Amino acid sequence: MFLSETTSMDPLFLVVPLVVFLPLLGILVNWLFGKRLGEKAIGTIASLAVGGSFVVSLILLFALRTDPQGFSVPLMQWFTVGGLDISWSFRVDTLSVVMMLAVNLVGTLIHIYAIGYMHEDAIHQGDPTRYRRFFIFMNLFIIAMMILVSADNFLMLFVGWEGVGLCSYLLIGFWFDKGEGGIANAQAGKKAFITTRIGDFGLLIAIFLIFWAFGSLNFGDIFPRVGEVAANHPGLMLAITLFMLMGVTGKSAQIPLYVWLPDAMAGPTPVSALIHAATMVTAGVYLMTRSQALYLAAPAAQNVVMWVGAITALFAAIIAVAQFDIKKVLAYSTISQLGYMVAAVGLGAETAAMFHLVTHAFFKALLFLSSGSIILSLERAMEEGAQGSGSHATNIDPQDMRNMGGLRKKMPTTFWVYLVGALTLSGIAPLAGFFSKDEIIAAANNTNGIIFVVLVAAAFLTAFYMGRQILMVFFGKARTKAASLAKESAPLITVPLIILALLSIVGGAINFPGWLNLEHWLEHTIKVHESTFQLPVALISLSIALIAILIAWLIYGRKPLAESTSKDPLARSLGGVFTLVNQKFKVDELYHFLFIGPYEKLADFFAHPVDQGFIDGIANGLGNLASETGSWLRKLQNGFVRSYVLSIVAGIVIILIYLLVRV
Amino acid sequence: MDAALIWEWVIKSLVLILFLTVGFAYVTYYERRLLARIQARIGPNRVGKFGLLQPVSDAVKLIFKEEFTPAGVDKFIFVLAPILTVIPALIILAVIPWGVPIRLFGREIPLFISDINVGVIYIMAVTSISVYGITLAGWASNNKYALLGGLRATAQMISYELALGLSFVGPAMLAGSLSLVEIVRAQQSSVWYVILQPVAFIIFFFASIAEINRAPFDMPEAEQELTAGYHTEYSGMKFALFFMAEYIKMIAISVIGSTLFLGGFDGPFVESQPWLGPIYLLAKTFIWLGVLIWVRATWPRLRYDRLMSLGWKILFPVALLNVIVTAVVVVLVN
Amino acid sequence: MTLIGIIFYGFLAIVAIVSAVAMLLNRSAIYSALFLVLNFATIAVLYLALGAPFIAFTQVTVYAGAIMILFLFVIALLGAEKLSGHEPIKGQRTMAIVLGLIFVVELVLFLIFRNQGIQPMLALTQDFASPQKIGIAMFTQYLLPFEVVAFILLSATIGAIVLTRVEKPARLGAARGKK
Amino acid sequence: MPTSFFLALSAIMFVLGILGVLLRRNALVIFMSLELMFNAANLAFVTFANQYQLLTGQIFVFFIMAVAAAEVAVGLALMVAIFRNKGSVDIDQLNSLKG
């Protein structure tokens, strides 16, 4: 079950450090020589680095087939402090290799896509000099992610955890000088960083508690002893898991810390695809899956996890319905899908969570990248329109779905892959999303009826908003000049999309009941209870999805939006409710009112009355005292040497008087 | 206090001063005659037999000349300067022994005025004092030529004083004493130091010429540039004093040089015949003076910067080296 | 102590003080310098009386012969004998004189009350301060200070040269360099 | 002759030197006053050397003389430099550093 420290290790396992060092090599090459290399070369090097990582993951997969127990491959001693002995070692087991494969596969495709995307994006956004930096950050992210998933102890995992957070911050704020007021993007990055930091604080406390409880941070030392420790300190296990959940809500964008993810769409689209859909945000799910033993020891925590995930899934799905920004819809969709995964973990269906994680990586990356293709196309069209008319073109928002429409004909490839992605997400059989999502819903059905209802409702909304999106974007007629001028993107962009579309179609096969079977695969690492394919559940969810798509067609397909300024049909019928949902239930405002506002007031209190008034008053007062004394004493320095001598002589005379008087 | 001792001092001092003043007069005669010979002339030969009374007539002329004090001079210092110039010249020989002690009127009379154990330093002190007269004369005259001459003289004398002082050190080290009486005695027992200290001797020779501002080092009174240097404005008796001081200094350095390097009063039979001592010393002085005049007649004047660099860059280092070598040799030999 | 001695020393002391006062009061720096030379000479004689002939003649050679000549030289060179203008510092003169008087009084009181050594001058042996003894002391017991002083002299020499050097025109320097 | 006679002379000369520094404006004369003070100190040294039958006092005087010579060389060089810049040796004109 757990890592064996046996001596007979397949030498193939020893390649595992390369998953980190190949991207590092890519960074070094781009960093040192990138200035002289062209855009293509930089992108190719970065992609090759990640691709190499993927190949290494495949090798590991191959190695694991013969020896599925997995190994811990030590690289070096990191540090030893007292009883804390941390070594830098890679854990190669079925779970981590699944993560590696998913991350590196999607990462490679996104890197390739980014070569084309960033080239055009640089043209439109006017940032050619940041091209190299983009790929360096991307590779850095892959490194951090690899550290995270291959960590053999909680501290290393935390290093990767923070590393991906850092890269997320850097990449969200990649266009730090753009956005509303020139700082909105930078603030989005800041928001993401701070919000996830709040969660990281919880994770850190969890790690402290783990060390306190187990005296070690190595997975291999901790998990076998969970039962024994939990028996002694039942409350402690609850605390550990709940604090860990806090970290998960931050990183995996769950209620209440999800608010950063929609804003994170300020980053370039490949970033959204890679980090905020496919990989980093799933780190929380991975963490909880990895720590399954702990959660099993704390059933209360498991319940909390379940509820958090389910509510997030529904809540985000509701918000997604009323969004107009093409990427925001996908962002809330991501939150919603992450909610499914978290709920799955809470339901004890970790394999389902991992399954959904992998398929979600495929289709959500596909959707994001496709939306990127659309955005690029609109931007390019905007520029062409501006040149063609020679007049001051209206600057439309290229991400607003109301500004699109009728793109089906203009961008056929994008349309078809987008359709595949949307259907997969909606859970239409036999695409990948159907199987994975269905497994979670089935698990809910087995466990908790309310959760089941919530998840099904969320699935309904998912299908609905994806239908709404497809219909708004691709059907109807072009609502803006830019949309009418849109053209299909270059092959460098479309080819990765096609590959991802194929993966989305066939991805379900990895846990096809009775076939490849992810479950059996993961069994070597975590506890798995067999899931069964429940036909009624599958039928319910499928029909729900189909109904939702139908409703979407009824609302948006029959009578498409006429103008980019015309009101959403839902808004017409729902009125204030739609506006509220469109404004994301005003959660940001609520947080601002509850936390940020008071915090700012407190900061202002410390900044102005305390710091500027009191502390500066003391400092300035002392300074003024010295200055005043100095300007008074200055008069003594009259520049006349003889005057100084006079005072010296006076001193001598006084000393002599003292010597005389002193008997 | 012993009255006889006081009388002895007074008489010895009078003899010395008389010797110097008369000597001064006849050194001028000696110089003029010798220069004339060298320059294939005859020289003064009208007043008295061979012109021997010429100095007397010169003195009379100078004494009766009008004392002219230019406007704008600082009168006190203008008068003080020539006096200050003469006095050191007169007292510098107080530590020089003239001969072996003689017995007269039943008492042992040493033939020197004072034998102090820092005789060489005494000479140095007096030499350095003698600069004052010239400097003050140059300043007090309120004349730029005079001032320049005075300043030049000061710089030159201070510079060469170093080499001069260091040239004293060699003989002093060999003799193991700073007393000139001891130095002469040491030469009597060994050889004259001109043989043991040739370098010091040469340095002494040139530095002393510079010290008394004689050709070829007579820069302070270089007629072509500065008319007559520091004594441009002087006339009559005051000029005579400067004149006198210069020639007395000539005698003085001849005597000192003879004492330090040529054995002083030392000579054959001087122990048995004490009266030979002063005569030997006189003869050596006479020859030394002749050489000085000869040098003046032969060598052209140095340019001022050459003069300074000769003093600082050649004589001073060589003298220093000589001191070091001598010290090492003295230590090794003993 | 004989009467002659008292007269002799009293006379020297008066000369020393008067010359110092004259140096202090004389308007002309040249006269000040000359009075100071007189003072030094007087002190030198007192040194002789105190059994320090070596110091006495060194005093004449160094102070009178070198230092004061340099003073005269600089005064004459700069033409800085006299200054015009008035005392610019208010109260300086009064305060100075008052402090000076207090100082003297204090020192005298000190001599009377503190110094037990109102002793007669001691008769010294002939070779108490002979050049040999001074030399031996200087080169054995006080060798380090001696070397330090030598170093100070050297650095002062260099310092004086650097301070008074006038930058020569480049042409002259180049010509000299060629030679 | 009591040694305190010489000490008193030394003290008076020292105070006169101080007064010279305090009263005169000519930097050269101030410098001379310093020398006078040195001399007063030297006299005290020699007097004590006599009283305590120690050569140390005299040797110290010798060192003082050497240092004074060095000091005068540098000091006068400074005077010349100052005169070149200011055209005067009035020490009260050197008050650029007044507060």
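Going in written order, the chains are labelled A, B, C and D, and every chain counts its residues from 1.
In the analysis below, a residue touches a chain if its C-beta (ideal position, glycine included) is under 8 Å from a C-beta of that chain, and two chains touch if they have at least 3 such contacts.
What you see is a predicted model, and the numbers here were worked out from it, not measured in a lab.
Novice: What's the overlap between the neighbours of subunit A and those of subunit C?
Specialist: Where subunit A and subunit C share a partner, that partner set is D.
Novice: Per-chain Cα mean versus the mean over all protein Cα atoms: which chain has them closest together?
Specialist: It is chain D that sits nearest the middle.
Novice: With centres defined as the mean C-alpha position, give me the subunit C-subunit D separation in Å.
Specialist: The computed centroid separation for subunit C versus subunit D comes out at 6 Å.
Novice: Could you grab the centroid distance between subunit B and subunit C? Build each centroid from C-alpha atoms only and quote it in angstrom.
Specialist: Taking the mean C-alpha position of each chain, the two centres sit 27 Å apart.
Novice: What's the distance between the Cα centroids of subunit B and subunit D, rounded to whole Å?
Specialist: Inter-chain centre distance comes to 33 Å.
Novice: On a C-alpha centroid basis, what's the spacing between subunit A and subunit B, in Å?
Specialist: Each chain's C-alpha centroid was found; their separation is 106 Å.
Novice: If a residue has to touch 2 or more other chains to count, which residues of subunit C qualify?
Specialist: Where subunit C meets two or more other chains at a single residue, that happens at 54, 58, 66, 70, 77, 88-89, 92, 95-96, 99, 103, 107.
Novice: Where in subunit A do residues touch two or more of the other chains?
Specialist: Within subunit A, the residues that touch at least two other chains are 638, 640, 642, 646, 649.
Novice: Considering subunit D alone, which of its residues make contact with at least two other chains?
Specialist: 18, 22-23, 25, 92
Novice: Dump the list of chain pairs that touch, please.
Specialist: Once each pair is checked, the touching ones are A-C, A-D, B-C, C-D.
Novice: Which part of subunit C faces subunit B closely enough to touch in the complex?
Specialist: Touching subunit B: residues 28, 30, 34, 37, 53-54, 57-58, 60-61, 64-66, 69-70, 72-73, 76-77, 127, 130-131 of subunit C.
Novice: Which residues of subunit C touch subunit D in the complex?
Specialist: Touching subunit D: residues 1, 5-6, 9, 13, 16-17, 20-21, 23-24, 29, 32-33, 36, 39-40, 43, 46-47, 50-52, 54-55, 58-59, 62-63, 66-68, 70-71, 74-75, 77-78, 80, 82-83, 85, 87-89, 92-93, 95-97, 99-100, 103-104, 107-108, 111, 115, 117-122, 124, 128-129, 133-134, 137-138, 142, 145-146, 149, 152-153, 155-157, 159-161, 163-164 of subunit C.
Novice: Once bound in the complex, which stretches of subunit D touch subunit A?
Specialist: Per the touch definition, subunit D meets subunit A at residues 18, 21-23, 25, 30, 91-92, 94-99.
Novice: Of all residues in subunit D, which touch subunit C in the complex?
Specialist: 1-9, 11-20, 22-26, 28-29, 31-33, 35-36, 39, 42-43, 46-47, 49-51, 53, 55-56, 58-59, 61-63, 65-74, 76-81, 83, 88-90, 92
Novice: Within their complex, state which residues of subunit C touch subunit A.
Specialist: 88-89, 92, 95-96, 99, 102-103, 106-107, 109-110, 113-114
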